[in-house]
Structure formats: C-alpha cells, structure tokens
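The structure appears right after this line, and notes come after that.
First chain written, first letter: the chains are A, B, C and D, and each begins at residue 1.
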Amino acid sequence: MLNVNEIRKDFPILQRKTHDSVPLVYLDSTATSQKPTPVIEAMDAYYRRSNANIHRGVHTLAEEATAMYEAAREKIAKFINSPSARQIVYTRNTTESINLVAYTWARANLKAGDLVVLTEMEHHSNLVPWLMLQSERGVELEFIPVTEDGLLDLEAYKTLLARTPKLVAFTHMSNVLGTINPAADIIRMAHEAGAVTLVDGAQSVPHLKVDMQTLDADFYAFSAHKMCGPTGIGALYGKAELLEAMPPFLGGGDMIKEVKLRSFKPNTLPHKFEAGTPAIAEAVGFGAAVDYLTKVGMENIAAHEHAITEYALERLEEIPGVKLFGPSADKKGGVAAFTFDGVHPHDVAQILDRDGIAVRAGHHCAQPLHEKFGIPATSRASFYLYNTKEEVDLLVNGIYKVKEMFG
Amino acid sequence: MLNVNEIRKDFPILQRKTHDSVPLVYLDSTATSQKPTPVIEAMDAYYRRSNANIHRGVHTLAEEATAMYEAAREKIAKFINSPSARQIVYTRNTTESINLVAYTWARANLKAGDLVVLTEMEHHSNLVPWLMLQSERGVELEFIPVTEDGLLDLEAYKTLLARTPKLVAFTHMSNVLGTINPAADIIRMAHEAGAVTLVDGAQSVPHLKVDMQTLDADFYAFSAHKMCGPTGIGALYGKAELLEAMPPFLGGGDMIKEVKLRSFKPNTLPHKFEAGTPAIAEAVGFGAAVDYLTKVGMENIAAHEHAITEYALERLEEIPGVKLFGPSADKKGGVAAFTFDGVHPHDVAQILDRDGIAVRAGHHCAQPLHEKFGIPATSRASFYLYNTKEEVDLLVNGIYKVKEMFG
Amino acid sequence: MDDLYREVIIEHYKNPSYRGHLDPHDIQFADNNPLCGDHIEITLQTAADGTVKDARFDGHGCAISQASADLLVESIIGKPLDEVKQLNKEHILDMLGIELGPVRLKCALLSLKVLKAGVYGLGEASDSLVE
Amino acid sequence: MDDLYREVIIEHYKNPSYRGHLDPHDIQFADNNPLCGDHIEITLQTAADGTVKDARFDGHGCAISQASADLLVESIIGKPLDEVKQLNKEHILDMLGIELGPVRLKCALLSLKVLKAGVYGLGEASDSLVE
C-alpha cells in the first residue's frame, strides 16, 4: 500500500485553495491528472540547462537534448513492456495516436465494405476517426453493445467476429463507467478472427500495469497528461512489422531519410512518424512521470484506487436519489459517474465546486454511451494515487448539501 | 535598440557551462530558441496552481485553465494581427500546421493535374507534405528557382503563375540562406492568378513583425519553440472562410459539436481542428512568449539581429576559405550558413563545440537547396535577441582554430 | 454566492412563474445546448404598440438555464420589442447575480439566444446574438 | 580531447595510409550517410587461410568518417574474416579515443557498417550491424 500523505506532498497543486480559502479536493483525474514535483522540475531543468533541437545536432546541448528525448522513450517502452523503444511513437495525445493509425494503417488497408468493430462505450477519440473513415471510405462500423451493468456483451462480440472484421478498436477502461474490459481476451478473439486490434489505453496505462507482450495488442494509444505527465505529449505503441509497413503520417523534417525536389525516402522507426520539432521538454516530463509511477509502483496505485473506489461507491449508493453507472468495484477502475434525482449534473458540479470539490459534469466525450442510458449527462468523480477516503467523505457531504438546496 | 545585457539575464541557459567550464555561446536559434524565465515560470505556475483539462469543465481549475488557454490564443492573434482569435488553430509545430492544410484544404480542393507552386528553398516541412500529395493525388509540383545569391527568381514565378496554380506555398524566411522573401508581393501575385497561398512563417514570426491583414496570406504556419516559447506547440493562422469550409483533420474530443454512433457534427472554429486534450501548459507558455517578445519589441529585435548579422557576415567573409550562402545583410535575417574549404561542416561544428560554441551542421532540413548549390551540408550560425557581437568574435576565433588544426 | 445561487436560481428553477406555452402566439422559437442537453422554447404574444403582451418558456435542463429563462421572460413582459432586441448577456447576469465560467455561461444565455433569434425572426440561433 | 581530435583523427584524415581501391578484390561494398553525405567504399582481398590479405577504403566526408575508415582498414589487415565479423562499435571508438554524440557516431561507424555488410555478403548495410 502506498502512503498517501507522503504522495500528496509531491503534488504542489494539492495545497491550492479555491474561492479564496477552500482547500482543493481534486476528483477529476480521469480528465487529467495532477503533476508531481519531479515531473515539473524535469521540464524546468530541461529548459534551464539543456534545451536544443534534437537529432542531427553536433553541439553539446543538441546531444544532451537528443539523449534525454530518447531516454524517455526507452523508459516508456519499459513501462508498458514494449519489446523495443522504436515501437513507441510520440504523439500529442491518445487522440492523435488513434488518428495516426486511422490515417495510415487504416487508409492503406481498409476499403469500402470492410468491417471495423468498436464498442458502445468508446470515447469520441476512438469513434470520430472511424466515423470519418466511414464517410470517406465506406468502411462499415459495428458496436459491441454495453449491458445494463456497464459491461461489454461478449456474446454479441462473437457474433460480430463471425463477420470477419478487419479491425477491432476498443477502450481498455471506460472513462465513464470505469469498466476494465478483458483486453487480452478481446484481442485474442480478434486475432483468431483475423482482425488487427487497437486499444485505447488512455485510462488504463495511468492506473493499471499494462504489458504489451502479454496483451498482444497491435496498436495501443495513451496520453502523458493522464498519468502524472505533461500536456502536449502522448504515445502510440505498435507492432514493429505493422509500423514498418505503414505509410508515413505527417511529412516534414526528421521523418525522412532523404529528400529531393521530386521524391523522398521515409526514415526508420520511430522517426518515420515524428515530423518536425517534437515535444522535447514534454518527452522529458513524460519520462519523469513514468519514473515517478514506477517508483510508487503500479500495483500499489491500483490497490489504493481500488480501496477508495470501493468506499466511494458504498457511500454514494447510500444517498437517496443518487444513481451510479457502471459495474461493481471489482470490475472497474477509480471512476464514479452518477446522476442525482431532480438536479442537473452541471448544478451538482457547480455547487460542489463552491466547497472546492472538483468533479466533472457532462457527457465526458462519450455522448453515445449517455444516449444509450437515456441521459444527457452525468456527474463524475474520479480517483488517483493522491486521493483519500476523507475526500470521498467531503464529496458525499457536498452531495447532501446539494440535496438540501434543491430539497 | 534593446539592452542585450539585460535581455541575457532573462535566459537562464545562457549561464550554462559546457565541457565542465566553457561558457555557452548559443548560435543555433534558427533550430530552436532559448526560453526566458517568464515563459518557463508561466508553465511551472500553470502546473502548480491551475492544471486541469479545459472546455466543458465546471470546476474552478477547469475554468481557469480554459481561460488561460484561450487568453493565450488572443495574445497570439494580436501578435500577428489576425482579425480574430478563432482564426488561430493550435498545432504541435509549423510542420503539423502545414500538414493540416495538406490533409484538409488541399485534399478537399486539389485533384490530379492541379499545380502547386513551391520554391527551391523550402524546408522539408513545406515540401514533403506536397510530395505526399503528389504521389497520392497526382497534383503537379513546380518550384520557384533560387538565384546564385539566394533570392527567389520572381520572373520565373510569373511564368509559373501563368499556368494558374491552385496553391502557392513558400517560406517567408529561409532557414539556411536567411533570405526574407517579398511575401506580400508573392501573395498578391498569387491571388491575381487565382491561387490560394500558404506561408511557412517558422523563421519570420520569431524575428520580424508580421501582420496577417497587410500580408493577406490565406494560411500562415509557425512554431512557438523558435520564438522563445515551449516545444510541443505551434499555430496555424487561416482566413475564416477557408477554415470554415475545410473538413476537420483529426477526429476526437472537443472538435465535435455532437456525436452519435453513426454520425457527428464538427465544432465551430477553432475547436474543429483541435482534437483531444491539447497542449494546455504549452499554450500558456506560448502566450507568455508572445508577451515577452512584445515587451522587448519586434522592431528592436529585428534591428538588433540586423546589426549582429551585418557584423557577422563582415567578419566571416574575411576568413580565407569561408564561403557564405545567401544574400547580403539587408535582404536577410540572422542566419549565416557557410562552408569552409577542406573541412566538413560536422567537423567545424564539433571543434567549435569544444569552445562552447553551438552552431548547426548539416542540410538543415533543406536538402534540395543544398543539392542545388552542389554541397551536402553547411555550417550555420544564427542569431537572436540575446546574441552579442562578442559572440560573433568568439565564432570567428573558433573558425581560425579549425583552420589551424586542419591547416 | 451560495446564497444567491440558492435564493434566486433555485427559487425560479423550482417554482417558475412563466413556464408554459402560449397558444396562439406571434413569436415562437426553440433551441438546445448540445453539450448538456438543456432545451428552451419561448412563445410570445405582441401588443399593437410593439410591446410584449405576454410570454412563456418551456424546456428542461440545469437550474441555471431554467431559472434564467424564467427571469428573462418576467423581465420582458410589457417591454417594447425594440428594447428586447438590444438585451445582452449583462441583462441575464445582473438578474442571476452570480459569476459564471464559460461553460455555465452557455446555460445561462440559452434562453436569451432563443428569445433574440425568435424576435429577429432568424432561421437559426447563433452565439453571436448574446455576446 | 582536442588533442586527441587533432592527433589521431586529423592525421589519419589528412594523410590516410589506406586510401585507395584494390583491383582485383574479393569483397567490395559502398554506402553513404544520407544525412551529411559521407561516402565510404571498402575493397578487400582475402588470403587462402581466411584472413584479410589487403584492404583499402575510398570516399569523402568528415574527418571522423574518413579517419575511422583509415584506422579500421589498418586494423583488419592480417586478421581472420571471422574476427572481422565480430568487430563492434567499441573497436572504432577505442581507436578514435574520443566520445561521440549520436550524430557523429554515425559518421564514425559508417566504415564498419560498410565493411561488415561486405564481409557478410549482404545486399544492404543496416545500422544493426554496428550496434
């Protein structure tokens, strides 16, 4: 188990007061996590000591910056047990990682009528790129249904697999329901049906130990900002033979081996997919985030979150009028999305904010999932390594206050 | 005129020593600029106080972060005199800005046989995206030739315009020759011929006062990291009616107005082109960079650089065996690319580095331009607001040392 | 602030005076905020002298959007249409008496947007109506 | 370090002992470093006992690439081909005696890459040969 009081000292923003004097209770890590001092300081130090453009630079700063940028890639590769660092492509975020696959692998391999299987619980990031491909190419989309208790209907998935999809793209963990999907099984079944798999790991990599070699995913997308790292950087993991066969995505400096006025040769992995000056300071911060999480231990983080979530669900369930979405605590990560009778989620969130409690309200970029449950929006509290049971209590008290106001 | 000694105090890295004790002489700002304390601190403060995901968040931090992110956009719009902030799309860098236009506007508007006019002095960023379009779509590419003294051949340009190109895409300032191209004239002529224009402003925005309303460019691309801002963020300016008519680029959260399982509606400008969690801290840093440059004054910066460049060209020209590329100081920005008889640019750069002098050696992502001049590489010293004539002297002494070594 | 939230907003949300639908009406318009599903319809009868004779709102959504609509309708009855056309976001914010971030502002201004689109006889409501 | 740069590298760059082209030869291979235009060709004669009888390099480029090639060729004459196949980047770096960043490393290792691709009889030289 981790020592949450010690952990909290690493996150300067947790000392923050809002509305002049109210201490911050940050329950919105699913949207973005807070950043520990070592991450902030790594980027600060990069700018104060080593900043230079990378690759091809002969001078000391350029060499230092290049080494730091590539060392971070090695760390990230190790963190998710990628067979090699060259299979880690830096992107801006999960969204760009998925779009990269949609623009390159998918446009090179999918044609009209080809089937892409998604799920009803996808974030817009793993839905809109395929809707765009549908209008552009005429690929067909089908969706693994979500059951009432927020799980994927795997029987329906089997039926869809019988139609031999070319791609199965799904989220490892839902950002609304919290559901942790059986990714290894879904991938194995997809492979047996001859499909390529893409996993949206935006919510899993920050919270669970993920292992590319055990999971056997073909593509895996995630964002630094949700895992104690900076904004502006994410990653795409891919199997080497797929990445190698794919056409490049953005054209420009660094992604080329040779350029003539009439032709160019793309660079080797991973540079082929990294055009122009990349997010260098952010890569350094990403590496520091991975170091930080590794030091705390992903198992400890998962166990801590599990304990908090279990407690939160228990306490929230007691409140008359609260309706929780998603499965029970043993099947989900640290997310509690709920509605509250007679009060719109925006009002819930705003009234909680008066007490310093930051929760998110809305469709959380999963509009179709909300539509499926017949609601326009939910309030969502989410938990990370720095949250405490006391914060859950404050949340519960806050909701009682809302109740009283609207009573 | 600016007070360079005061300015230098704003840049912590300029205190840096390399090789244990050698003070840094940073002459590589064309690759990336150094960052002043206010920029580094703005991002630091963002992470320590206000970090949250933006848009749609109801809680205090989300509102603060959103306001900071959008305030930076306003600053950037004002800095280049864009008619409105919604015409500023955040991207990762110049390269992504250009690719965005290539993937959206160009793919929606150009067909096989359509002519795209570029120049022989383009950076790979404004070449490879069009080479990719050439192979994918069969558009034709033609190039405005570069004269011996490093200027665009505008007579040849007129001949190309007679072939009614659909797009004229060119760099405002060459990162090798330093040439400042007559952008307003090139754009006016393109418009008269019915072409849309895209300007690569990676080198101009950091060093010159640019004005979107005077220039009348249709698209204008630039990077924060070259203008005292952070890595990981850049911008695309576009005319509103063009941006509005363009299909979206990346699909995902925030770029949508509404998503259903089978369809989506794109968001309004500029959000339509900003999918997923953006580079929020970086936007804040970008805004701080623009504030910093505005405070110093772009006219002062340009004048300072001009003085240094004039001096540098003079001193370098004196060295036997040094051959400079590009036009005379009155027609160029702060860039001095050169070869040195009998010594490869990589050796020049590495030997200079021993004295703490950071210059770049290579083709500077302008391989066709080097090929045109019959050389594989050049050494390049470049100057920004924090450079001094004393640093030019150190460079010149360093080159004499190289001469002696290889003598 | 909590008090204001409670008193003005919660009161108008829970016990609106002008919820309903006028039939016949001279002006009718409806729109929704796709982000949170708020929906507002306004119906309005005009008098011969160009003033608002009567008005009602209908819809559903958060307290801010519904209370704003009730307050807005209350404030325009008897007013000349020309004056209604000039109403801006400050009018709403003054009545609510709270500060709002950009997200909640959209909720607060939905009814004004609907009203102005109706009074101007526009085909579509646009954010620029309430800036 | 400057001294080492000067003494070993500049000397072998300016006065190479093994620049040239062997004809006839048993092994020939050439490649270039597209980033900086360095070019190296190596020709090699083998003896009946499987050792390198003689070798030469040709090409152009920076001092590091050319000096490394000269040093490398010098170091392999008389050596069994099997031993040449095992040479790695430390062999080059030991001879140069300087630390190199990733960019200059490519210059330094170009000749070894060319040599190994030739000795292994490969169609193409790959970076993995010298890691």
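Simple rule for what comes next: a residue touches a chain if its C-beta (ideal position, glycine included) is under 8 Å from a C-beta of that chain, and two chains touch if they have at least 3 such contacts.
Just so you know, these numbers come straight off a predicted model, no measurement behind them.
**Q** By mean C-alpha position, what chain is farthest away from subunit B?
**A** Most distant chain from subunit B: C.
**Q** Determine the centre-to-centre distance between subunit C and subunit D, using the mean Cα coordinates as centres, and give it in whole Å.
**A** 80
**Q** Report the inter-centroid distance (CA atoms only) between subunit A and subunit B in whole Å.
**A** That gives a centre separation of 31 Å.
**Q** When the C-alpha atoms of subunit A and subunit D are each averaged to a single point, how far apart are the two points in Å?
**A** 47
**Q** Rounded to the nearest whole Å, what is the centre-to-centre distance of subunit B and subunit D, using the mean of the C-alpha atoms as each centre?
**A** 38
**Q** By the touch rule stated above, which residues of subunit B touch at least two different other chains?
**A** Within subunit B, the residues that touch at least two other chains are 19, 56-58, 62, 258, 346, 350, 361-362.
**Q** Mind pulling the subunit C residues that touch 2 or more other chains?
**A** 35, 103-104
**Q** Classify the chain contact graph as line, ring, star, complete or other.
**A** Contact pattern: none of line, ring, star or complete.
**Q** If I apply the definition of touch given earlier, which pairs of chains qualify?
**A** So, checking each combination of chains, I get A-B, A-C, A-D, B-C, B-D as the touching pairs.
**Q** Residue numbers of subunit D touching subunit B in their complex, please.
**A** Those in contact with subunit B are residues 1-2, 5-6, 10, 13-14, 35-38, 61-64, 103-104, 107.
**Q** Inside the complex, what are the residues of subunit C that reach subunit B?
**A** Listed in rising order, the residues of subunit C that touch subunit B are 34-35, 101-104, 127.
**Q** Which residues, counting only subunit B, touch subunit C once they are in their complex?
**A** It comes out as residues 55-58, 62-63, 66-67, 70, 257-258, 268.
**Q** State the interface residues of subunit B toward subunit A in the complex, per the touch definition above.
**A** Subunit B residues touching subunit A: 12-13, 16, 18-19, 24, 26, 28, 31-32, 34-35, 39-40, 43-44, 47-53, 56-62, 92-96, 98-99, 102-103, 120, 123-125, 127-132, 141, 143, 223, 225, 230-233, 248, 250-256, 258-264, 275-282, 346, 349-350, 352-353, 356-362, 365, 367-368, 371.
**Q** Which residues of subunit B touch subunit D in the complex?
**A** For subunit B paired with subunit D, touching residues are 19, 343-347, 350-351, 354, 361-363, 376-377, 405-406.
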